[in-house]
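Every chain is named by a letter (A, B, C and D) in the order it is written, and numbering of its residues begins at 1.
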Amino acid sequence: MASKALAVIAGVGPGTGASIARRFAQAYSVVLLARNPDNFNPVVQEINSSGGQAIGISTDVANADSVNTAFDEIVKKFPDTPLAATIFNPGGGFVRKPFLELTEDEFSLGFEAQAKGAFHIAKRSLPLFLEGKDKLSYPPTLIFTGATASLKGSANFAAFASGKFALRALAQSLAREFGPQGVHVSHAIIDGVIDIPRTKGWVFEHEDAKLSPDAIADSYWHLHTQPRTTFAFELDLRPYIEKW
Amino acid sequence: MASKALAVIAGVGPGTGASIARRFAQAYSVVLLARNPDNFNPVVQEINSSGGQAIGISTDVANADSVNTAFDEIVKKFPDTPLAATIFNPGGGFVRKPFLELTEDEFSLGFEAQAKGAFHIAKRSLPLFLEGKDKLSYPPTLIFTGATASLKGSANFAAFASGKFALRALAQSLAREFGPQGVHVSHAIIDGVIDIPRTKGWVFEHEDAKLSPDAIADSYWHLHTQPRTTFAFELDLRPYIEKW
Amino acid sequence: MASKALAVIAGVGPGTGASIARRFAQAYSVVLLARNPDNFNPVVQEINSSGGQAIGISTDVANADSVNTAFDEIVKKFPDTPLAATIFNPGGGFVRKPFLELTEDEFSLGFEAQAKGAFHIAKRSLPLFLEGKDKLSYPPTLIFTGATASLKGSANFAAFASGKFALRALAQSLAREFGPQGVHVSHAIIDGVIDIPRTKGWVFEHEDAKLSPDAIADSYWHLHTQPRTTFAFELDLRPYIEKW
Amino acid sequence: MASKALAVIAGVGPGTGASIARRFAQAYSVVLLARNPDNFNPVVQEINSSGGQAIGISTDVANADSVNTAFDEIVKKFPDTPLAATIFNPGGGFVRKPFLELTEDEFSLGFEAQAKGAFHIAKRSLPLFLEGKDKLSYPPTLIFTGATASLKGSANFAAFASGKFALRALAQSLAREFGPQGVHVSHAIIDGVIDIPRTKGWVFEHEDAKLSPDAIADSYWHLHTQPRTTFAFELDLRPYIEKW
């Protein structure tokens, strides 16, 4: 395949992941990971038919074997192609329940989907970043998608907040370990409802009350283009009318 | 057994857990949980021989069955005895390693020992708190022991910080859900080296450079005695010469 | 006058300041500072008539000359008496207004009353702490009273939040500079309505919805008694039903 | 004058302010404010001679009259021209001294230069934003430049940290009040040494150890272009090798 650099987007549905894929596909060959191919197939087709290059690989990010198989395939399909960016944008692990009704498995879901998924993806991305960083236009970039629950544990959110806090701890640890090696690690806090198919019916008093997935993607792209002198670690994104 | 209220200390070694047990034993019958009985036996004996009442139960806090067995035994041994306080003071989950050398199991250790242990202990303590709260002198109290890594993910600390962040998320979630029901949930950030047998050999330039386990215990006891009008959620404890 | 150590409480009205004065008067001679003597006279009388020792000095804490005059008087009245604790518990600087209606003077009020007042009080207290610290039972202690607005700037709170943020910056700076010299500097975040005469009429759905000034005073006393191995810098106090 | 929208940069020297001015001059007429005209004259000339439009106005941002005079002149020179962005990038208020050597005036410097300067600039910018916002391509934007000292008070930094904390409180208050009115208020934390003429001689072990003013300007421009559905309030910028 071609010699453009690569971007991997882990966690792609019809919302933010798709927007990020489209944005990064303007510069890179993009690899879309999601458990269900229905989630990435339309975006893959769209990108390929509009002059970009995209493939999708069915992957369970919380599972090491599945992630390893996916990255082995990526390396095989794109030999000698540096990895420019990996975006970890997981969908899973959301549970909202009174604490006393929460099972151990439900409580662990947040950690499994968010932190452990990020662990697997980071384990495979970081060596590729270090290996290929001198062939890239921008510092290799690893972005994690956070949420309100990354900063605040709330009633009925013990499982999800635990996972999102753990993901942020991982992001900070990686930023401090791999930043000095020239890898840009970032954590974006998405504080509000995103305007995706699943939330179409959610009506708010004000217009523009939902985050734009394309605007999120633009901010991720901006993070990616920062030089190593000037890395942002964290930024918070929210609609103008959001209470915070 | 007698009718004093109970305190459960989960995670007892010869350091902080022992000091907390001694402090709470001045007012309550205390139950000490640790995997290895060698860790609680000396304290149990000491408390019992000096007029207090203590038992130890060998427990793996990260294991639901083990925690359930322990609490079943507690309820059986102390029928009609309200639970006044549970202190979660876990020892495990500490891993310090470059990220790329960290295995999936090692990465999970922090979450398992810290967050999941806290989950199991909280699941059994909270119903007992709600049931017995009107028979107590002070609001029932659940205190979690945090660390520097609860607030900051550092290079080589991805596993431990993930676990400690997750534990703090759990603590916040429980404080916001059970505070309004009259349960006092707190999180203490221990920022520094504690003066325990294991750290005896660590010598610092200044004297008094290590946290006193007895002083930590005094602060936990102070948290416990706060009325419900005036709950502290979080406090940070560190030696006077600590850089922070 | 007698040889007990001293505590200075700056900012005394019929609420928290009075409770703190009563609490510290159990161990120390207390000096109460407030602009209006009506604010400290009843407490001074109460303490003196119940076996304690108290004096009040009319002082404008935001004014350097006034603070200097007060401390000169203190040193003269209590020669050779070490200063054990100073509590900065200011009442002023609260303004709640849409930003575009805020005058420059109103905006500065928060800084003047909170941060500059704390500056003056700290300037005079710290040398006394360093001078007398070896004669004290506990490390000399400087406690600043913060608020919700110490952590969060909100609509219409630009003036007050600026003052409270600045006060917290000062507290952190002093803790990091004077902690290693054995002075305990703390910052308490009072997050909620305090149960004082002025708020008597504020009725909430739940009982016990207001912070107890006596319980705040107990926590301040607890901070004061911590050994230098185990200093708390910050704790947050709120009623059990408070949303946060 | 022409009908391009306007950007005001308050606090321009040969470093970050100049880069921000150049960046915003690609789209807007820019107005540069600094006390000393020597600080903005070279940039004004450079922008005008390369096809942009720039003016400089000698202004003391900490002084209300001076700021009012400057904005009156701006409105007169650019009638019917909407204000698209104001960047508050103040240079003053830096004092580094042991606390006991700090005078009252020195302590106030941080607040005066940072918070009060921002107050004056915001007072004049916000009405212009609200008035002209429907004529703009992007939501009107008010960006404040913060520093490490915005988040942490350190020994010898009481004055500067108080000013920077207060500035952040103001930024948060304005974001929460004017965000829902469609104004984008942001706060950027510059955590490290910026590569400007004044720091040319500061040599670090690693190359690229200083923040790039041009990259900071790019991030500010990115913030400005975010749609109101997706506002970032805060981002932190630091060199890849910075310890944090």
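Operating definition for what follows: a residue touches a chain if its C-beta (ideal position, glycine included) is under 8 Å from a C-beta of that chain, and two chains touch if they have at least 3 such contacts.
By chain, UniProt protein names: A, B, C, D = Oxidoreductase.
This one's a predicted model, so the numbers in the text were calculated from it and none came from an experiment.
Contact with both chain B and chain C is made by no chain of the assembly. Repeated interface, listed pairs A-B, C-D or A-D, reference B-C: A-D, with more than half of the contact pairs matching by residue number. Computed from the mean C-alpha positions, the centre of chain A lies at a distance of 35 Å from the centre of chain B. Centroids built from CA atoms put chain D at 46 Å from chain B.
For the pair chain A and chain D, the distance between C-alpha centroids works out to 31 Å.
Shown for chain C are the residues in touch with two or more other chains, namely 176. For chain C in complex with chain B, the touching residues are 139, 176, 179-180, 182, 184, 195, 206, 208-212, 215-216, 218-219, 222, 225-242, 244.
Chain A contributes residues 64, 98-100, 102, 104, 107-108, 111, 115-116, 119-120, 122-123, 126-127, 149, 152-158, 161-178 to its touches with chain B in the complex.
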